[in-house]
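Note sheet for the following structure.
Going in written order, the chains are labelled A, B, C and D, and every chain counts its residues from 1.
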Amino acid sequence: MTDTGLTGNDSLILPPLAGPGRRATARKAALALSALVLAGLIGMAIFAPLAAPYDPMEINLEERLAPISSRHWLGTDHLGRDVLSRLIWGARASMGSVVVIAGLIMATGFITGAFSGYIGGRTDSVIMRVCEAFMTFPTFILALFLIGVLGTGLTNVILAIVLTHWAWYARIIRGMVMNLKNRDFILAARVAGGGPVKIFLRHIAPPVLAQLVILASLDLGHMMLHVSGLSFLGLGIQPPTPEWGCMINDARQQIWTNPELAIIPGVMIFLTVLAFNIPGDILRDKLDPTLVERE
Amino acid sequence: MRLLYAFMAAWCLTFGLAGSLFAQNIDREDTIIFSCLSNVGPLNPHLYSPNQMFAQSMVYEPLVKLKPDGSIGPALAEKWAISDDGLHYTFYLRRDVRFSDGEPFNAEAVAKNFEAVMGNAERHKWLGVTGKIAGFEAVGPYEFKLTLNSPYYPCLEDLSLPRPFRMLSPAAFPDDGDTSKGIKTPAGTGPWRLAKIALGEYDLFERNELYWGEKAKVSKVLVSVIPDPVSRALAFETGEIDLIYGLGQINFDTFDRLRQTPKVSAEISGPMGTMAAAINTAKGPAAELKVRKALNHLTDKAALIKGVTLGTQPRAETLFAPEVPYCDLNLRPYEYDSAKAAALLDEAGWKLAPGQKIREKNGQPLVMDFCFVGNNAAHKAIAEVVQAQAGRVGLALNLVGEEEDSFYRRQKDGDFHIILNPTWGPPFEPHALVSSMLLPAHADFMAQAGLTMKADIDARINEVLATTDKAVRQKLYRDILTMLHEQAVYLPLFHDALFMVYRPERLQNARFGAERSYIPFEEFSVK
Amino acid sequence: MSCPALVINNLRIVYPAGQRVILHDLSFTVPGGSTVALVGESGSGKTMAAMAVMGLIPSGIFQAGGDITINERPTGNLTPEQYRELRHKSVAMVMQNPMSAFDPVLSIFQHFKETFASHGVRDRKRIRDLAAEALRGVGFDDPRHILELYPFQMSGGMLQRVMLAMALIFSPPLVIADEATTDLDVISQAKVLKLLQDHCRSHHLALLLITHDLSVAAGLADEMVVLKEGRLVEKGPVSQIFKSPASPYTAGLLAVHRGLYTPRYRRIISNMERQSV
Amino acid sequence: MLKFIIKRLLTLVPLLLAVSVVVFLLLRLGPNDPAMSYLRLSNIPPTDAALAEARATLGLDRPVAVQYFAWLGRALRLDFGISYVTKAPVTDHLLHYLPNTLYLAGVSILMTIGLSLPLGIMAARYQGRWPDHLSRALAYIGVSTPSFWLAFLMIMLFSVKLGWLPTRGLGGLSHVIMPAFSVALMSLCINMRLIRGNMLEQTHTRQVLYARIRGVKEGYITRGHVLKNSLIPVVTALGMHIGEILGGAVVAEVIFAWPGVGRYMVSAIFNRDFPVMQCFILMMTTIFVLCNLFTDILYAAIDPRMRLANEGSGND
């Protein structure tokens, strides 16, 4: 039988095809697994001081490049620091920065986007022109430039990534707000005599914020790769603060003798991004097929 | 599907074409392949960055040069005479020298070079001799005379430096003679000439067939551009380069590993400078002599050298290594003794309250800033180790690893307690470094600024540079360096030694040069 | 009447995942050269019946029983390739909403070309001539120009006529029109239907009209088959059913239809017949 | 078509102007003193007099607006000033390195297209079977793997362990494979899934159903309808991927010692060599914008709606 599909107009109304198949089970399993990984990572980040067996920055030159043992479960690095402890604290730096970045992007994107969309008029067009200018740059290239301007370091990386991403969010939020603004129920509320601020807070902000959170969660993995990539180049989080990208960079010189020093933090980044991406992807499939892949 | 195959075929073809366009074959025959973090630059002998010093030394020669024992020997000048008052220097030039472009070398050419350098004297102000030169002239075809306005003993040492007093072919000068804006071609008298610059890829040197001395054994030196140490080590490992030479070319770890690799020769040079930290005598707790001394005592250099440099670098007890001229002074080292350090801090009033980790005096915690350039891995490791060691006696070091700009500004403003401040190595030590202690924009000046005897030190520095009597000079150096040592202005950690790694199967007669930035390629040979 | 163009016998179509039966043992016949209307509301299974005839049942849905004979050829054991050859040559179909049925990135000529090429006509020039002739047959004055156009450059009515021309290029013994005119305005609807029927009559082609619109059935069909929720409710000559429907469902439909549409359609169609005479 | 291109080119002018303002302002509002960097990179002791003199030579003592227009005027003549480090005109060096970067990026794009297309088609064709599952797994792995880590793993395997591929530098095919793959992987995976999704979506469209109804051969359907329609969004997405690839190339250039503009930029960041940074970002942004223009043109070439709509308005 040929694989055929019918859509809409052909008056063939069928219940959705996605039954309780194997695919859905696999999906659920993947979702559960990534939730587990994320929970673990968040736990690690929050309870790093308790979970880490050693001080991640404590140098012990007697024990440099120690192999995996009961004392050091993942061995030690070139300065004798416990790798496991650094990994655990690294979760804090990596996850923490991503969360801060996402929060800041949402805040700036929401404020400018909502302002622009709700007020409209000249303000709107000015803000949108600024957004367009920012969106013209390739994001990583702009982030590099910003770090060149601001200097290296975690704060500047956060700032750079926020500055490179906010415009995309502002644009989307502006669209949502403008769309909602002209809906009947908003117009009705306006006719009923609600003030613009009140209408905004009661009717427009909640749905937009909900979508915004989903949107940002789709991007978390991507942001994480940005942060670790910049740290790897030596432009991001500065040593001795443990961060995974940084740890890989530090460990490059041990490629012959202790390649696991670079492999393990890489696995951590990989798992984290994967755990961000899987639910994001499933969410995206469920929500809106028109959410075009950016970059 | 057929379409797909056609597409794939077209794709592979494009791919192949693109690849072949950029393919390049490096001829390894009779060639030493070295690497450097960037291109060697336009090789202007009279200017600095981006010209690489080792490459300037390959192409250009000075009138006199530094010998391995630290004394001055002949180069383009066969011999020289110094007047008794130390003001007049007469150089008798070699007669058999030609520049690589065929131009003859003579006193006119030397005068032309001096004119160009002195025309840009402001740029060379850091170098003592430029402030002393009153005049120069070609007194004969092969006789060049230099006149100083006041005696300056390191005149010959300064002239031997890799830059700026090295000789460029008169034909290579720009028409107005001002080399500070650029030169026509990099033509010198040295054993090598620059044959090709491939920006971002390599620089190719060829043997100068007109060289007056013994000609280079190898016909070519190819300097590949490899900015980072890990890639360089990989390239050596895979046989893409023949030689690793110098400081910072590879990490200590890599050197240590290569040292244990069969068929690889990994050698360490004698001291070529000192890794030291300058302690600010004018700021905070560091202004107290006892605190500075305690810092010297609490530092376990042996552990630091073993941990950070894997034991590759020799321990330093003084700012200058004893091998440096005038510096073999038998100063008493600050031995590693944390109990003594603790006692000194106690005496100074910095007490460790029970249960506390940081000492305090009058409610103030004993915290000092340790500044270094953040993206230098070795400096970072050093700072981290010293921090850990200081922490054990209740002295908290706050690591300030910054970008070079901020670091530079801190040096200038004296905005540091402790700052990592490596010395420059031969041929700059001790005279050029000591003379820079007079300049307010240097970390040394700022670090010493709090000393009561700073004026005295400065006076002696001026005196030592002017003295013509070697014995007096020795005594003055002893005074200066003893004062600095006893005041514990510096925290010497280890002496910088150069690394040289090669495969004897491929490279022979490899040896270290007398200066930090001189690689005697002409003596190397390949198989 | 000659041999039947289509015989459907006890056709049963099921949707296992949804645990539903879409067609319950449907049987009817389309005699050669006649027009049969398959009438029912949306969801009654009439499109699925058409798809079954075309051999294009969507995945996940299965034919659980019965057999289909097209132009005296049983389809039960045709290979997919044989069935493909059968389509358009022996049974052509005109779809509703031509705007989304034509591919926006292909020109009308390219649509013709791939159809001809799939059925053995490869010569470009010949295809062009045949296509132009077919377009002229459905009333385009400048068919060569039409061939160069892209679907989005044309109106729905024009595209519907193109589709009609497309269906008739091989003069298949059976043409299925699935709600072929639903999205058109009344005038174009009548035009298209009239064209279709004229063509079928002159070439002695059988026509299976699938519609929810009784006026269409009334105006064009000889016989009528009424479907409700996958079950056959009633079948017989149109005149008979309109006169005395056997089932209350059909009666209900008729009542609604009479109240709404009859006068207008009758009038338009009779007007056109008068003009063409 | 020509009108369409010209029109699009004209819209780039204000956009690039805005970009230049952003670049200039970010630099001036940043916490830097270019004069300080200039002195440090020239090995000149930063005395107050020297600082003042450097400010005067760099034109930093003039009002910001004047500085901007002077800078813009020079930038339009491709004069971005002298690098603080190499003392050579920035544009010369960047233009010298640019072909190498474009080579790397070009091969990456070729890889992205050349691999994602067959893999995506394969996945769509065997939907729900192992090639599809494999491609899904691959896609998840691909988009979650940091490119620098992948580069490290590849060097470890192919250079250190197996000794098959060179570790660094510019050269023929063997040199470019690893860097280009590390850059391409993410876009490749996204593209592959995009193609698969589009193909599946397209096979369920009415135009495909109609083609089947007409008895059109499956091969014609796949090529003429499914693939052609699937490629339209892919072309748009490719424009975006180019941005990602240009960014990824920077990282790869650093790891593989590739003499491109990205590596030059990273060292300029460490050195605070501002003229290089400015020139780099404007150059890359212009390339990015031009690439997007190119994909738009490609889009118009594939999709007659785009092309004809514009021609129509052009003829009016």
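Rule of thumb we're sticking to: a contact is a pair of C-beta atoms (placed from the backbone, for glycine too) under 8 Å apart; a residue touches a chain by one contact, two chains touch by 3 or more.
Remember, it's a predicted structure, so these values are computed and weren't measured experimentally.
Traced through touching neighbours, the fewest hops from chain B to chain C number 2. Between B-D and A-B, more C-beta contact pairs are found at B-D. Among the other chains, B has the CA centre that is most remote from the centre of chain C.
Taking the mean of each chain's C-alpha atoms as its centre, the chain lying closest to the overall protein C-alpha centroid is D. Centre-to-centre separation of chain B and chain D, using mean CA positions: 39 Å. Centroids of chain C and chain D (each the mean of its C-alpha atoms) stand 51 Å apart. In this assembly, the C-alpha centroid of chain A lies 45 Å from the C-alpha centroid of chain B.
Annotation for chain D: residues 32, 155, 160, 205-206, 209, 212, 218, 254, 270, 272 touch two or more other chains.
Counting only residues that touch two or more partner chains, chain A has 2-6, 9-10, 151-152, 234, 252, 255-256. Residue positions of chain C with contacts to 2 or more other chains are 56, 95, 97, 100. Here chain D touches chain C in the complex through residues 205-207, 209-218, 220, 224-225, 228-229, 232, 302-305, 308, going by the rule given at the top.
Residues 229-230, 233-234, 237, 251, 253-254, 257, 303-304, 306-308, 374-375, 377, 380-381, 384-385, 388, 399, 401, 403, 406 of chain B are the ones touching chain A in the complex. Residues 57-59, 61, 64, 78-80, 151-152, 234, 238-240, 250, 252-257 of chain A are the ones touching chain B in the complex.
Of all the residues in chain D, the ones that touch chain B in their complex are 32-33, 36-37, 39-47, 85-88, 93, 96-97, 100, 103, 106-107, 110, 113-114, 117-118, 121, 155, 159-160, 163, 166-173, 175-176, 219, 223, 254-257, 259-260, 263-264, 267, 270-272.
Interface of chain B with chain D (complex): residues 1, 3-4, 7-8, 11-12, 14-16, 18-24, 38, 41-42, 47-50, 123, 126, 199-201, 224-228, 231, 234-235, 237-238, 240, 375, 403-405, 408-409, 412, 439-442.
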